[in-house]
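Only one structure is covered here, and it is reproduced in the block below.
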Amino acid sequence: MQDIDRDQYLVKSEPYYRPVHQEVDLYRAAYEARMPVMLKGPTGCGKTRFVEYMAWTLGKPLITVACNEDMTASDLVGRFLLDINGTKWQDGPLTVAARIGAICYLDEVVEARQDTTVVIHPLTDHRRNLPLEKKGEIVEAHPDFQIVISYNPGYQSLMKDLKQSTKQRFGALDFDYPTAEIETEIVAHEGKVDKPIAEKLVQIAHRSRNLKGHGLDEGMSTRLLVYAAQLIGKGIDPQSAARMALVGPLTDDPDMRDTLDAAVNTYF
Amino acid sequence: MQDIDRDQYLVKSEPYYRPVHQEVDLYRAAYEARMPVMLKGPTGCGKTRFVEYMAWTLGKPLITVACNEDMTASDLVGRFLLDINGTKWQDGPLTVAARIGAICYLDEVVEARQDTTVVIHPLTDHRRNLPLEKKGEIVEAHPDFQIVISYNPGYQSLMKDLKQSTKQRFGALDFDYPTAEIETEIVAHEGKVDKPIAEKLVQIAHRSRNLKGHGLDEGMSTRLLVYAAQLIGKGIDPQSAARMALVGPLTDDPDMRDTLDAAVNTYF
Amino acid sequence: MQDIDRDQYLVKSEPYYRPVHQEVDLYRAAYEARMPVMLKGPTGCGKTRFVEYMAWTLGKPLITVACNEDMTASDLVGRFLLDINGTKWQDGPLTVAARIGAICYLDEVVEARQDTTVVIHPLTDHRRNLPLEKKGEIVEAHPDFQIVISYNPGYQSLMKDLKQSTKQRFGALDFDYPTAEIETEIVAHEGKVDKPIAEKLVQIAHRSRNLKGHGLDEGMSTRLLVYAAQLIGKGIDPQSAARMALVGPLTDDPDMRDTLDAAVNTYF
Amino acid sequence: MQDIDRDQYLVKSEPYYRPVHQEVDLYRAAYEARMPVMLKGPTGCGKTRFVEYMAWTLGKPLITVACNEDMTASDLVGRFLLDINGTKWQDGPLTVAARIGAICYLDEVVEARQDTTVVIHPLTDHRRNLPLEKKGEIVEAHPDFQIVISYNPGYQSLMKDLKQSTKQRFGALDFDYPTAEIETEIVAHEGKVDKPIAEKLVQIAHRSRNLKGHGLDEGMSTRLLVYAAQLIGKGIDPQSAARMALVGPLTDDPDMRDTLDAAVNTYF
Amino acid sequence: MQDIDRDQYLVKSEPYYRPVHQEVDLYRAAYEARMPVMLKGPTGCGKTRFVEYMAWTLGKPLITVACNEDMTASDLVGRFLLDINGTKWQDGPLTVAARIGAICYLDEVVEARQDTTVVIHPLTDHRRNLPLEKKGEIVEAHPDFQIVISYNPGYQSLMKDLKQSTKQRFGALDFDYPTAEIETEIVAHEGKVDKPIAEKLVQIAHRSRNLKGHGLDEGMSTRLLVYAAQLIGKGIDPQSAARMALVGPLTDDPDMRDTLDAAVNTYF
Amino acid sequence: MQDIDRDQYLVKSEPYYRPVHQEVDLYRAAYEARMPVMLKGPTGCGKTRFVEYMAWTLGKPLITVACNEDMTASDLVGRFLLDINGTKWQDGPLTVAARIGAICYLDEVVEARQDTTVVIHPLTDHRRNLPLEKKGEIVEAHPDFQIVISYNPGYQSLMKDLKQSTKQRFGALDFDYPTAEIETEIVAHEGKVDKPIAEKLVQIAHRSRNLKGHGLDEGMSTRLLVYAAQLIGKGIDPQSAARMALVGPLTDDPDMRDTLDAAVNTYF
């Protein structure tokens, strides 16, 4: 166990993150209390980037796990592997994080099966430990360890939601798309286009976000705007770039496509 | 088997627990008769803390298992692992508890599949033994061994409930949130804020608990109140702290959020 | 295989069992014909105790298996385990019972999957053998071997019932709660309280049993009455003892709880 | 493979079988053509006994497999097992039967999953071989090999039925309960009671069989009549014996029990 | 891999096949283009026999796989087996066929899970290769390799059908029962009866085929007619033979049985 | 890991691909930005061929994975295999692609389970890495690595669709059947027939494509037209060739078959 390379989990360089509200201060206070934190918000609005930024700011290692419905508790906690000398225990990412004092980020935790969410319980209350039941060991969490989860309330259905006994173990931070001004800044910076182009892309996104729930499941994410900007930067004409990066990924419904194409044509 | 470290399962220091009714005496009498005990009550009202307190009071080791629907009987009882000399039996947490005379606490047992609940049957009647069928051994429980389970009746559905043949093996203790006075004391003590702040947080919680069944699945737990207090103690303004620790984790419904925000604004 | 410890399966001391009807004679005749026997009756009325008593009376070893829906045929019959010399066959409890001539008691067999119930078929007709298909061996049952199953007709649903081709391999013995007089005797003896207390507890139980199907899935079992008596014996006041041992385990419905509490208050 | 003990599969002594119609001649002709045969009929009417009788008559080994919905194709065909020298192939019962020229009897084949039934296809047409796909070997069936399956049409539901492409590979023999005269003879012979007792038991059975589809899933099988006779032979009074062996196993419905008890009381 | 015995997959002697339409020429042209071929038609009409005949005619090895819903991609492609020297790759039947240049016949492919059908995609277009993803090898198909699948459109339901992206990789040949004249010839030849008997059996079959969709799932197959003829050849009277081989396998519905029995009695 | 044969994944010769719109330029710009790309379009319209063409044009290795609903995350990422020296990690195709800088093409990704789609997330944003959680290694993607997925919007149902959080990680290129002129060119070139024949086949295809959603799930693909041309080239008369290659694979509905046959007869 002594051979875990803690440094590989450090965020190497400052991630580009543009604070929006109080989120940096609130997170810092929560981290000081080692309070588990839940990040809520729509797809591609910057939750993952924010955790990376905070890990970099705090100088703590970050271990990210993309949750999914086929993930088992062993995928988080660890398992025995067969070795030349018989079975050898292999720590899972959650156990590694608890040992080295990393921030453990469970992305889209609502996708995971119940055994995943239940497994984190003892790490999220006064016990701050992780029983490796199969190994007969109780791992006491490193003082730096903290757990962060994300989920997208838009996906919440009657079938898939966190249990109250899980939810009530977290402080919650709400995320949303940045303001037009900030988003323009991000798209120009990340997509390497000048500000007028970025502004137009953001305005197209706003139109699409107003259609959420009226034919679209989600509006265009900041990430897609950056994609469109990048294509334009490579010499693609703005209409084709927008069609490829903004309209195509979002929907296959012909009427909705016409509506979005019209929005694109308004600005370009 | 002789190398189980019994001491690692002892509760190291007195857990902070504030008795509410007769629960300490009733539990003690049940333990003297080695009667299996079932703790019922809502999320975050202190069931886990109570078992830790009783284990500390009685000076017995405590082994806690967070049950979940993907847990198998082998996760409780044990399994054969492959070793350099072939397969070796590895006791599960229930078996360890039966051998060393621990209190075995199965948290949220109703989440477990039937093989879990059925496996404990012979340990909960006059037999007090655990057949390790795969190993061909019958473990006679240590005289100190006792089994405790918890569950949250609010979750009980037609689909998921304990069978009567399991329920009728336990004495039952009902838990609920503490009285306002006691809860204020707990929040002030655990959250390290002064009494007036704690009082206000408790009053907000009471408002939310009245909304249970009227738009909320559960009211705010004592744990969340402590979180809010901790954030306030780190210098966060009370409204932001309450929004992060009390409102955000509970619900994503906009109307319900407005109602809870209004309750927060009434007191802060 | 020669190293199975037959003696560990013998019932060590005479179990306390109070015969109710003809059940002892009927079972003895069935055992003489080695007829498979099915015990039917509600939770906690003494089916398990009866089998132990008969095994003790007949001086035969008893192997009990708590059936559940996650149990596989291999859990009953046996499997290959990996050893230092390759794979080694490990008999399951049914195979052990067939070899050493034990009474094999499959508790709540209706919970098991079909492969369990089908596996016992050749042991329950004129063949009296158990093909270990994975091993290529046919185990001829020891002359003393007999199979006994239990199930609770109250649980029977359209989804879960024994197939007729299984049912028609068994003689059936019906069990029910003992008469008031006998049950009082049992509660006084097992719970170590005097007769008037035991009588009152039995009367409370009768009230609850009349509510079966009218808001309760089952009435209070004899086992719960013994629990209540034990708590009273430890100095708990009768009302609290009854609430913990009789009312709490049975139901969480507030109206039904009031009704049962009223019954308790009538007698104590 | 040369070490399969063919003799252990021979039926040791002539099974007691009382022919009813043409079934012995028809089976013999089918066997001569090595035509696969399907035995249809209700529970406990003698299908298994008939196959044993025919195997004994023809002097061929018999391998019986009780099918169930959790049985895999490997359970029939074989699998690789880990040995001290690596993996070793272990023939399943169907493969053994194909190699040694046994009659392979798949009891209640409709319970099996599709991979079972599909696996037998090449053994049931002009190919008469069994590809061991995992081993890369094609087993040519021994000239004596024949396949026989049984199923109970009463169980047939929309969910569980043999596919037409399976059914149309078999000749079919219908079985039913024997005539009153023959059944009396069987009960007297097997149950070791005199003819008048046997006659009464058969008449009770006839009453129950008329209730099939009118509250009963199946009528009383010949096997249950033999059980009742055996209990009477052990000194149990006829009414108690009938209740234990005939009524109890059949139904838990109180009205139906009354009806059947009345039938018993009419004769005893 | 060099030790695959290609010859064991050659069809040893000319299968009896009576061409009906253009199917032999069409198949030969498709094989010359190495076009994947799909054989459609009802149960027992000769699809399997046709592939064997074509493989014999073309002098190519034939590997047949009976598909089923429990078959995994590994069952087709291969897997690692544990050997004395660690794991060793074992080719599955599809891989063997691709390596040695066999015709690979996937019988009733619609029964297979999606991973089976998807696995064959790269073998059915211009790529003509099979990526063994677990082994990191891409098998280029032998120039002689061709893939053939069969399915019975009568079974097609909304739940189980080939995806268009699979279907559109195959040329399709439709099969049906042969004309009365040809079928009579087949029954007489295979069943070893004279022509008048065969003619009557074919006429009974025609009656049953008209009932398809009017109480019968399928009409009598040519195979069943051959069975009936064989029984008659063994001395069984025609009515009993027809009942065992034609009526019994088809249906358990009493009315439908009467109808079919009447058809039998019309001719015999 | 150093022994991965990168060259085996290079496309050996220029694939025949006939550009239709801007797709080559758009893909090239997306590749320069290493933007993940999603190809949408009906069955058999050339998506796979296009990726091969682009990989050849860009001189990058191509690793194709046919996704299916039984594929696990380990099938993509890799797993531990048992070796003579214990377990050895085996990279999956996605990991190989990330290491050697290949274009990884996930064909019909919508068929995969969520763990597949979630596993690619960190490779599709600014992180461009792949955590091998079971191995405790984070693979940084090679600078040349790009991910491409395909899916057929026609299959999209409520049950099976990509999550928005996956969709919004890709630029999208729409594919459709080529124009009549281009398709004629392709069919003549690939099917080796002269232009008038190819033209007629394309016209038949157009008729079928107009029936999509009016009785047909999909129209005839270009691939099927090539098949028909090849059969004609082998001397099969055009009507039979069209029936085998165009009509048969598409539908079993008798009315729809008549309609399509009529279309065939119009042109041949």
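Residue numbering begins at 1 within each chain, and the chains themselves are lettered A, B, C, D, E and F in the order written.
Rule of thumb we're sticking to: contacts are C-beta pairs under 8 Å (C-beta built on N, C-alpha and C of every residue); 3 or more make two chains touch, one makes a residue touch a chain.
In this text the structure is predicted, and so the values were computed from the model without any measurement.
Farthest from chain C in terms of Cα centroid separation is F. The chain with its C-alpha centre at the largest distance from the centre of chain D is A. Here the CA centre of chain A is 30 Å from the CA centre of chain B. Chain C and chain F have centres, each the mean of its CA atoms, that are 59 Å apart. Among the residues of chain C, those in touch with two or more other chains are 82, 85.
Around the ring, proceeding from chain A in the sense that reaches chain B first, the chains are ordered A, B, C, D, E, F. Interface residues of chain B facing chain A in the complex, by the touch rule stated above, are 4, 8, 15, 43-44, 48-49, 64-71, 75, 81-85, 88, 90-93, 96, 107-108, 111, 152, 154-155, 217-218, 220-221, 223-224, 227, 230-231, 233-236, 240, 244-245, 247-250, 252.
Across the complex, chain D is touched by residues 22, 25-26, 29-30, 32-33, 35, 38, 40, 72-73, 80, 82, 85-87, 113-115, 118-119, 121-122, 125-126, 131, 133-134, 136, 138, 153, 156, 163-165, 167-174 of chain C.
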